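Each structure below appears as structure tokens.
Okay, so chain A shows up in both of these, paired with chain B first and chain C after.
Moving on to the complex of A and B:
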């Protein structure tokens, strides 16, 4: 009899050790249990628990091993056909944010929009897609500076059974043409909201009229369509973060419940203007935890509204709902250029938006092809040879490997190489902290925490306990 | 809290695993430093002694689990890749 492949890690503040097998099934054990395991003396009851939960198998249990293998396989991300495109019809923008990730150009500049040829190639590309559903995210620059290009793409996708469009916009200007696009029920609007008016002004707009215009437009679209059509993300300068309640209140004011708390991304202009954003230290982690704990409190105080921190919910789904979460920054293997691509303003194709940013910043060119000539390239093959955390020596020891992912573009952005020991990378430190924190919440006895976790996992009721424990 | 230090004797069996376990735990638990010598391990950090002991026990157990499962893990992955 043996354990199925499994790993262990002490939980931070609780007297427990977490055990996770390769299929992602987990339990926590007391200090006494760990001592007994180290002495090879688990009790009969403990053996029975381990066996019944699929952590311990008899040598001749072929069915049990097959079941375990199948569960491990379910943890792998299977990249389907290409059905998610990030399109950059223009690089021009009418704002100049200090931490702009993509090295935008001024709104008046020429030569930074799709040409007629590029548009034709994009439309041809859409015609060739084998998928039945399509998700298209319009990025920029400011995509709404070219509503004609957005419309042309939308019109060309009428053959798909399901369509979803996300227009990423700074909401500085909404004319009738843009409004007609927003009116389409398949269109969703994604914008940036850094917190209260003063914070947004300082970080992004820099002019009172622009700040007022943004908040006026945000109110206008929320009133017109309801908050479900709108999502917003704050970017936080972790060296001077706003008060937690100020952010939550700003989102509450517009009926927005999901807050993706992101520190400044070490990309584009931020590489020069916010050099400290390369690594996020203890200060950011503490801020993040205080933010989540505050929304837990507020969810408990007001049961009519459930706030969530988006990335924490993604982490929870990675743990509890394998195969459901498709967030492309946290998956394993994270194949490049298969089920989603980015088409830049000049028709160049990148595996991720961050890869596009790196090329614009002159750090490294990770273009995998062009929309005219295709993207089944050597660069793509090379990137995909390193797309999994499965064989990394650090990840092989890490209890969170089944839930975690791999993002070599992030490594290249921060360190210019992908061969650093995992634990020395921001990606690893960030996710080690995230999962430590999630399991601390999972094993908390606090009813307020269990209430929020239940809502974030979309459970119908609040569970009495979320994780199993061997005393 | 000041710096706490815990010393734990190593069994014959764990000596070859202790060095790797110490390195892994030091690298992945902020503010914890573990040194594995021939017959004992010294765990230091600004955390309560019970927590330091837990971190060490988990790291040592993890090292054992990883070593014992390496063949089976590789076989399962090999099968799935095929």
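Moving on to the complex of A and C:
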């Protein structure tokens, strides 16, 4: 008889000690239980609970052993065939946002669009993909400056059984050609919305006619297609964050019911103009918590709709539903250059969009190949040797390891190296905070919190309890 | 009800499988072509001579793959062309005796695997073939050999096999791990956590322990399993405990089907001691569905007419009853959700069905 590998962490919850085993199953135990555990004398009922919940294995329990092995295995992301492309048909942009992450160039400049040869190589690449489904995200620059390239790619994907296109756009200009692309039911639109009009103006558009044009166009596409087709992200300057309700109101005004709350990313021009964004301190985390708590309040007040913070929901699904969440920024191992790649304006291939920005900023070149010559390169192999949290000495002691991920590009961006003790990195601090916060919510007895968690996890009704307890 | 067995005469000396065809296209060796028809039947000609079928029209039968049994004077419609619900019965023997069994077992066994294999090989492109019993794995070697041979020849087909899960052992793991078993799913019942109640319900001592061991092997084989739980008075209250067990120890299952009782077989005679009116006692079902959903185990409700399920849980109630044995109550007329509703079994008492429903 033995415990499966298990780690513990004291939280601000009641009961206080969170236990998580290596398959990610968890419970909270009281101080009295911890004391009994240390004395090796838990009660029969407690052992029965531990056994039935997969924390304790009897020698002859073949099913328990098999179930546990499988549950541990389920925590590892298997990178399937390449079926997700991030394409940058042009680096040109008609806006100049203060924290632009992609190192854009002015709309008039020459030589920053796909050449004929690059386009041909991208189309050839599409023809070679083994998957039956494809997701393509058009990034920029401002991708809609080249609708001809978007269309060429879309037309070449007709053989796929399932297609999804996301066009990331600043919505400054929608001409008939762009509108015809938007009209395709497989196209989704992703834009930036920093909050109310004053904030958006200050951060992004800088000219009142451009601000007005953006909000006019956002209204136009939401009215034309319904909010399901549109998603928006804010970028938030945590040294002067907007009022929480102003942002939520701005999103709800356009029928947008989820928000991916991001602080300024320490990338691209932000490295110069927003130096403080290298570390997101207590100020950002306090803002994030207050934001989520405000969402919970507002969901409770108005039951007709459910608002959510996307990354918190991703964290919840990572905890409760191993193997389901496909978000590429939080997974383990986080294999580079396998199931998704970024193809830049010049045909260079990067493992992630952040890696592209790093190379643009001259920090470190993480290009893994080119669309012409392939990307099964030494750089890719090198990156993937460090793509897991499994053997990191800090992560091995961490309760959240089964839920967490690894992002070496982020480490390189911030520190120029990947060998820092994990808990000294922003990635670790951010996720320790995220999971601490989520478990605080899970073990709250506040009905408003349980209500929102139930909705975010798409449960049929609000459960009486979300996390299990040994009192 | 759509009849699956029809009176028929044939000149053949022994049973055979053929496809009945009403069109005039080129005849394959396995086809029997329509010669003559009237209001009550149809006559076909094929390799084995004439077949005269009573009780169905040539239109009904067109494309059906049938087993012709001259000695019994009938045909069995094994794979009906227009239906998504085709189940082959491979044996009527069983080593459990469940209190609610809808098809009480018989002692005798007639081996028809070779004929059933022929039928499978004739199936339409992409057909999902159900296999049922009795307990199919009592003849595990014959069963697995048939499935493997069919899937090698016809990788487009897939199987769903109902089994009590009493007969998987360590030696099966390597076999069931073969890639072709990705086309096979197993429907296996579990009624309660613990030997006491589960063994009592299935009428076999040691069944629960044996089932746990089988599940361990099925996990290691990467098998696809649909877990099935029929609710009855004895186990209804145990559903939430079972849900915890499923999410912790059986979360490998593709889906957990929670099933309402079928008014046939043993359940018919024991209705008053088994049937639970879920309209009055939905809480244990709700709790189980919530817990399964929380932990990402897909669950579904079988044989629960949609209007009898609280709105928040209605999406779980699927159209589970096969076309040939499904009916709707007169009171269902005008219901907008009938297409996605299970309805009732043909043999469900009308007086009960009529008082249950309320069109949505």
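What we mean here is this: the second predicted complex is superposed on the first by the 463 of 471 C-alpha atoms of A that agree within 3 Å, B and C clash if a C-alpha of one lies under 4 Å from a C-alpha of the other, contacts with A are read in each partner's own complex, and residues count from 1 in each chain.
Going forward, a contact is a pair of C-beta atoms (placed from the backbone, for glycine too) under 8 Å apart; a residue touches a chain by one contact, two chains touch by 3 or more.
Model, not experiment: these values are computed from the prediction.
J.: Could you say whether A:2 touches chain B, chain C, both of them, or neither, answering first, second, both or neither?
T.: In the superposition, A:2 contacts chain B only.
J.: Name the chain, either chain B or chain C, that contacts more residues of chain A.
T.: The partner making contact with more of chain A's residues is B.
J.: Scan A:382 for contacts with chain B and chain C and give back first, second, both or neither.
T.: Touch partners of A:382: none, neither chain B nor chain C.
J.: Please work out whether A:10 is in contact with chain B alone, chain C alone, both, or neither, and reply first, second, both or neither.
T.: So A:10 only meets chain B here.
J.: Touching A:466 in the superposition: chain B (first), chain C (second), both, neither?
T.: In the superposition, A:466 contacts chain C only.
J.: Go through the superposed model and pick first if A:446 touches only chain B, second if only chain C, both, or neither.
T.: neither
J.: Under the stated touch criterion, which partner chain does A:48 make contact with: chain B (first), chain C (second), both, or neither?
T.: neither
J.: Looking at A:72 after the superposition, I want to know if it touches chain B, chain C, both of them or none. Which is it: first, second, both, neither?
T.: Only chain B; A:72 stays clear of chain C.
J.: Do chain B and chain C touch any of the same residues on chain A, and if so, which?
T.: Shared contact residues on chain A (touching chain B in one complex, chain C in the other): 69.
J.: Quick check: in the complex, which residue numbers of chain A touch chain B?
T.: Contact set of chain A toward chain B: 2-10, 13, 15, 17, 22, 31, 34-35, 37-38, 68-69, 72-73, 76, 282, 390, 394, 396-399, 421, 423, 432.
J.: Please give the residue numbers of chain C that touch chain A in the complex, ascending.
T.: Against chain A, the touching part of chain C is residues 193, 212-213, 215-217, 219-220, 244-245, 248-252, 286, 289-291, 293-296, 312-313, 315-316.
J.: Across the complex, what residues on chain A touch chain C?
T.: Residues 25, 52-54, 62-67, 69-71, 320-322, 324, 457-461, 463, 466.
J.: Give the list of chain B residues in touch with chain A in this complex.
T.: Its residues touching chain A are 24, 27-30, 50-51, 53-55, 57-63, 65-66, 68-69, 72-73, 76-77, 79-80.
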